[in-house]
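In the part that follows, the structures are each spelled out as structure tokens.
Two complexes are shown next, each including chain A; its partner changes from chain B in the first to chain C in the second.
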Partner chain A sequence: MNYTKQIQDIASQLFAEGKIDVFVGYRLNGFDDNQVPVLIKDPQDVHKLVFTDKSVFNLVNYLKTDHTRRKRVGLVVKGCDSRSLNLMLTENQVKRENIYVVGICCEGVTDDAGQKMQNCVDCMVPDAVVSDELLGTASGADTLTYKMNADVAALSNIPLTERAAYFEEVFENCIRCNACRHSCPLCYCAKCCIDQETATLYNGANTTSAAFHALMTWSLHLAGRCVDCRNCEKACPSHLPLHLLHKQNESVIFENFQEHLAGVIPEDRGAFYKYSLKDPDDFIM
Partner chain B sequence: MSFSTFVTDKAGLQKFYEAIMASQETYAPVEKFGKFDFKRVSALAECDPESPIAKTMSIKPLFFPRTAKVMKFVATSAGTDVSEVDEDPLAVKRVILGVKHCDARSLQVLDKVYNWDYIDTDYQNRRQNTVIISTRCDKADTHCFCTSLDYDVENLDAMDILVVHGTDGKEYIKARTEKGNELLSSDVTRHASPVTEEITAPVLKSQYASFAASFRLKMNYKEVNEKLSKIFDTPEFENVSGNCVSCNTCAFVCPTCHCFKISDEKIKDTGVRYKSYDSCNNGYFTLMAGGHNPRPAKYRRWRQRAMHKFVYYKERFGENLCVGCGKCTISCPVNISIFEVVNQVSAAAMQE
Partner chain C sequence: MARVGVFVCFCGANIADYVDVPQVVEEVKRIKEVKFATEYKYMCSDPGQGMIRDAIVQNKLTSIVVAACSPRMHEKTFRKALSDAGMNPYLLEVANIREHSSWVHQKDKKAATEKAMDLCRMAVAKSIANEQLHEISVPVTKRALVIGGGIAGIQAALDIADARIPVVLVERSPSIGGKMAQLDETFPTLDCAQCILTPKMVDVASHPYIELIPYSEVIELQGFVGNYKVRIKKKASYVNFKTCTGCGACWQKCPVKVPNEYNMGIDKRKAIYTPFPQAVPNKPVIDAEHCTMLTKGKCGICAKVCDKGSIDYTMQDEIIEREIGAVVVATGYDMWDPKPYEEYGVGRFKDIITSLEFERMVSANGPTNGVPIRPSDGKVPKNVVFIKCVGSRDEAKGIEYCSKICCMYTTKHTILLHHKVHDSHAYVFYMDIRAAGKGYEEFVKKAQVDTGTTYLRGRVSKIYKKGDKLMVRGEDAQLGQVVEVEADMVVLATAVSAPKDNPDLARLLGISYDKYGYLSEAHPKLRPVETAKAGIFLAGCTQAPKDIPETVSQASACAAKVCGLFAGDTMKKDPMVSTINNEYCSGCQNCVKVCPYGAIVTDDVPIGHGSKELRTVAKINEGVCQGCGSCVAICRSMAINLAGFTDPQIINEIVSI
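Presenting the complex of A and B:
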């Protein structure tokens, strides 16, 4: 997967036509094949842009920063990224006319070891669902079959007490840096409930209970919205398996809320807005 | 005065570590979720003193914990009763194994700030009661640049005991301080034999030479420090900070970042006050009670971080705050390298 040339051409053309103020893409880090997101403002820097299977980070995150706010932005999105962009549009965080979207029909990105990332193996929507220009060959699949995450499936088979013990370990190893929340493209709240020092429940202390509250609240706010781009896991300095929380939520929501998958359909308001009288309520005591 | 040095083989070094674990309260890198963090251990099988530098957290939390209780309080009808917290679990006599040189150095740097205006007695107690055993790396990692900075890595005296994997296949254990010498003179070294300075010096030198030659990153520290101190207003900071997502993880994994915040955990009338890590990259870090924020823009916060590491601390305390361990770069979700940033900014300033 290499769309470096195409993306450079598109970006130069957009700058030449005066359609954008800033182009958000990837550049090489200068010594190995790992990449760094780059915000290009000067058309002369367009040659820095690359796109390969090492273009891992979800760039929709940059739509929440001052560098792109109220500006016309060119943006590269893979399948999962485009779903988060869809949600940003639906939730009125960005205006569609301000963004020129270069969509990628993604074949999966690789981690540091060169292995295909787990979320790419489980990917259900590899092609960008929102784009002005689509690069690559669309996978062409019309119907969506849910792929259960192997880790979640394995965890749900072990007894509840063991599962609780496992998650206790996860929360114990959390260092409360909140990098997961900041690197998430859909955590755009200017003042998040989990990183306020004054709120009693989610205080900044790094105790297991505070970590539990913070991570659980965070994952529930992303229930039915998480697109499994794994920005949070890339950011976590403790390498915590945060996808377990999100993928568990995702599978429950897919099963119970009319096969809802976050951000796939434009203007889809999400699971929490999809109230129906047929919704299961047998879990309510 | 000269301190003792011992020589042994690989198995002897393991026995040395095991003997320490049997007789002392020991902390060492323990793997969890693929990342090593320093935890209390009782057997060598639980930990890995040779943990890879890229996957190891710093030892800072053992001296400046991620969260520490400051006090307890109870609200009564007569007012508020404030009480001391329980005994500090980190202030007991202990040994830390598998410490990297950069980590050991970071404590030396932090000592300055903790011995300055306000003397942090908790930190002092933890420092005094700890013996640090530091192993010299054999090879630099991708993001390491400790040899480029303002301290002498070869003759570093920040650890109490130095362990070097000699180029001759032997293991050298060398005391660097009185505390370290005392530990080595006990029977923990029964599987090693004493050796003289004449024999160890050339081996240590050749080991250091091969280690120093393995660095990818090299910078002219003097030049970078000098230039940065003159270019506060350069627009280059805006360019280099553009792709930062302000996730703050760099500060949390940094062995020398020492900013903290205070928060209260309250249940009805009782509560605990906590001191926890904070980061100058946080948008609200400088937010004042009246609502004014002197560093509202990301590039200002980034400038503060880079300048504090490479200029301000040096001006005030005579040491560079960055120790070149590369932990921030490894943890950064968008692969921003502080090495690249300071070099890029100072190079751009030269062109102006």
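Presenting the complex of A and C:
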């Protein structure tokens, strides 16, 4: 998978036609073959843009910055990224007319060791669902079959008490740096509820319980919205397996709420934000 | 520093028998903010309220906790007590230790007491964060909507309109009148139903304060008490009512014959029809399902014979919008389908009919000109068996409840049979004779003597055919033996059941319904015509089976409630409404989507102090907000707080236990 040339051409043309103020893409980090996000404002810098299977980050996150807010932006999105963009549009965070979307029919990206990323193995929507221009060959899959994450499946076989103990141990490593939140495109709140003065439940200094509360709240605020881009895991300095929370939520929601998958359908806010007569209600007495 | 007063109620024995009230008082006294705590037998009584008033003044209390029954019951009472003592009424907090503790934990006094203590601790903690709130005043639209044009809807509409309040009356069928228009005579006085109903129908049509919208359905209700917006779908009638004179040429010439609903399918009507000759409005509609012009594009006879040119095959459904302040729901009832009674041969034997079919037969304007006949051969029946409780009081096949009117109408039917066929004999199989009501027992007694009807107490187990007769086998429980009656015709007193689309209507209106589909009143004894949603009232059988006198009483009660609601130009409203913190609002508009009242709109505010750039945030219309809290729960940014249930209050509650 290499669309470096095409993306450079598209960006040049957009700048030439005066359609964008900034282009958000990937560049080499300068040390090895890994890439970092880049915001190109000067057409002279377009040559820096690359796109290969090392283009791992979800660039939609950069629509939250002052460099892009209320500006006309060119943006590269893979399948998962495009779903988060869909949600950003639905939740009125960005305006569609301000963004030129270069969609990728993604074949999966690789980690440092050159292995296909786990979320790409589990990927159900490889093609960009929103785009002005689509690069690559569409996967052509019409029907959606849920791919259960192997870690979540393994964890669900462990008894509840042991599972709780496992999570307590894992979350103990959380240093409350909030990198997960800052790296998530869908964490765009003006002031996160976890930081609010009244939210005393999260203010227990750096105790496990407060971290646990914060992470659980965070994962529930992303339930039915998380697109499994793994920006959070890439950002986490403690290497917490955050996907366990998100993929667990995703599978429960897919099963119970009319096969809902975040961000696939435009204007679909997600299971928790709409009401259907088919919603499960057997828990109501 | 908060100074909280706690008042724990015995509720007679309701709480005190299962909760150790003095121990609860001792426990709350240990909380440092509690400066006064006491107990009393009936806190809601005048001496009880007096204790609260005195304690507020003497102890300079800043908030009050009353541990008693549900706030639904007496929150208003205690708020008033606070007001009387010069305190803001919203500084009250009610701990429900009756419904939430004593009543549900009657077998374990220790646990019930501990739970009561927890509830009190939570209420005290919450009350510390209580703020002074002030009632909101909202304007009222003085127009009422009545759904359903049966006797309940007619009576409610007339009573409201007579108070010079405009009424919109929506009826689903082409004519008002409902089930009562199908009846012949009415118990216990044998008034002719048509003679007492049709003048009222005419009054509705001619009343200057009533807008009658027939052949229509309510499809949407938005807003809140005093300020609802209703959308009504007026079905295409294909007849221009403005020019139609109701001459009848069209339905006389129409070649399509359809089973007549008004006569329970005993005879036929045309595809263009008025339901019955006394219909209001007396204008025909075209049944689009059966009209060959509309289904196949062939015919057009009615248009040819109409010299006013009133037929319009291109007519479309129309959406009508009205602003209203209150709703009376009067959707009536359905007759229960006796199909499950297979042992009776329902569906197999033509001479088994339902009571409403019998009613149509004996009716003077009925399909048989008032003479009961056997559907199988058209002969006049001599021996008629009436079976009561078909569907009612039958947990196995039907419904648990008593349909209330069958005992009386079956008695009426024995009289009508006797009047129409002098040499007939009626047999009634019954479980009990329930004749509670003014003049009812006398009516039954007199009918038994006058008609010579044989009453057999017991259930019918089987009906089978012998020649052209029906053999009804049942039990005579008083003799303790099996009896068989040879009948020419059998009449089933089928149960009254809730209209089958009541649940849909309830969802549309945002009110609740019970397991049978009847709409639920706010309180079975003290608020029998109100629903739990303010400004929506119930009249007639849509709430439970009722006879005509009861239905009319309830309809008039609804009218009184509506008039009361509209007595002032503005309405006071609880200040428990949501507020939005613009700084925290991220503008995702999830709250706009989940608000069931349409109370949230968007607003553009500067992105920062003094900035010209704008961003979109949510904005609450506090006149519309009903304080349900849906937006608070959905807001990820925690930018929304509900007055009276703010985050500090709720967190205080959680932390206190």
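The working rule: the second predicted complex is superposed on the first by the 276 of 285 C-alpha atoms of A that agree within 3 Å, B and C clash if a C-alpha of one lies under 4 Å from a C-alpha of the other, contacts with A are read in each partner's own complex, and residues count from 1 in each chain.
Operating definition for what follows: a contact is a pair of C-beta atoms (placed from the backbone, for glycine too) under 8 Å apart; a residue touches a chain by one contact, two chains touch by 3 or more.
Being a predicted model, the structure only gives us computed values, none of them experimental.
**Student:** Let's test your reading of the overlay: on chain A, do chain B and chain C clash or fit side by side?
**Tutor:** Result for chain B and chain C: fit.
**Student:** Which partner reaches more residues of chain A, chain B or chain C?
**Tutor:** B
**Student:** For A:Phe57 in the superposed arrangement: first (chain B), second (chain C), both or neither?
**Tutor:** After superposing on A, A:Phe57 lies in contact with chain B but is clear of chain C.
**Student:** Contacts for A:Thr143 in the overlay, against chain B (first) and chain C (second): which applies, first, second, both or neither?
**Tutor:** In the superposition, A:Thr143 contacts neither chain B nor chain C.
**Student:** According to the stated criteria, A:Asn157 is in contact with first (chain B), second (chain C), both, or neither; which is it?
**Tutor:** neither
**Student:** Does chain B (first) or chain C (second) touch A:Ser276, or do both, or does neither?
**Tutor:** So A:Ser276 meets neither chain B nor chain C here.
**Student:** Scan A:Cys189 for contacts with chain B and chain C and give back first, second, both or neither.
**Tutor:** second
**Student:** Looking at A:Arg70 after the superposition, I want to know if it touches chain B, chain C, both of them or none. Which is it: first, second, both, neither?
**Tutor:** A:Arg70: touches chain C, not chain B.
**Student:** Is A:Gln93 touching the first partner chain B, the second partner chain C, both, or neither of them?
**Tutor:** second
**Student:** Quick check on the superposed pair: does A:Ile175 touch chain B, chain C, both, or neither? Answer first, second, both or neither.
**Tutor:** A:Ile175 contacts chain B only, not chain C.
**Student:** Shortest C-alpha to C-alpha distance from chain B to chain C once the two structures are superposed, in angstrom?
**Tutor:** It comes out at 6 Å between the closest C-alpha atoms.
**Student:** So chain A touches chain B in one structure and chain C in the other; where do those two contact lists coincide?
**Tutor:** The overlap between the chain B and chain C interfaces on chain A comprises residues 191, 198, 200.
**Student:** Of all residues in chain A, which touch chain B in the complex?
**Tutor:** Within the complex, chain A contacts chain B at residues 29-32, 34-39, 57, 61-62, 65-67, 169-170, 173, 175-180, 182-183, 191, 195, 197-198, 200, 203-207, 210, 231, 234-241.
**Student:** Using the touch definition up top, name the residues of chain B that touch chain A in the complex.
**Tutor:** By the definition above, chain B touches chain A via 32-35, 37, 57, 66-67, 142, 216, 242-243, 245-249, 251-253, 261-266, 274, 276-279, 282, 284, 297-298, 331, 333-337, 340.
**Student:** Taking the complex as given, what residues does chain A use to touch chain C?
**Tutor:** Going by the criterion above, the answer is residues 70, 91-93, 188-193, 196, 198-201, 221, 269, 272-275.
**Student:** Applying the document's contact rule, which stretches of chain C touch chain A when the two form their complex?
**Tutor:** So the residues of chain C touching chain A come out as 583-590, 593-594, 613, 616, 634, 636-639, 647-648, 651, 655.
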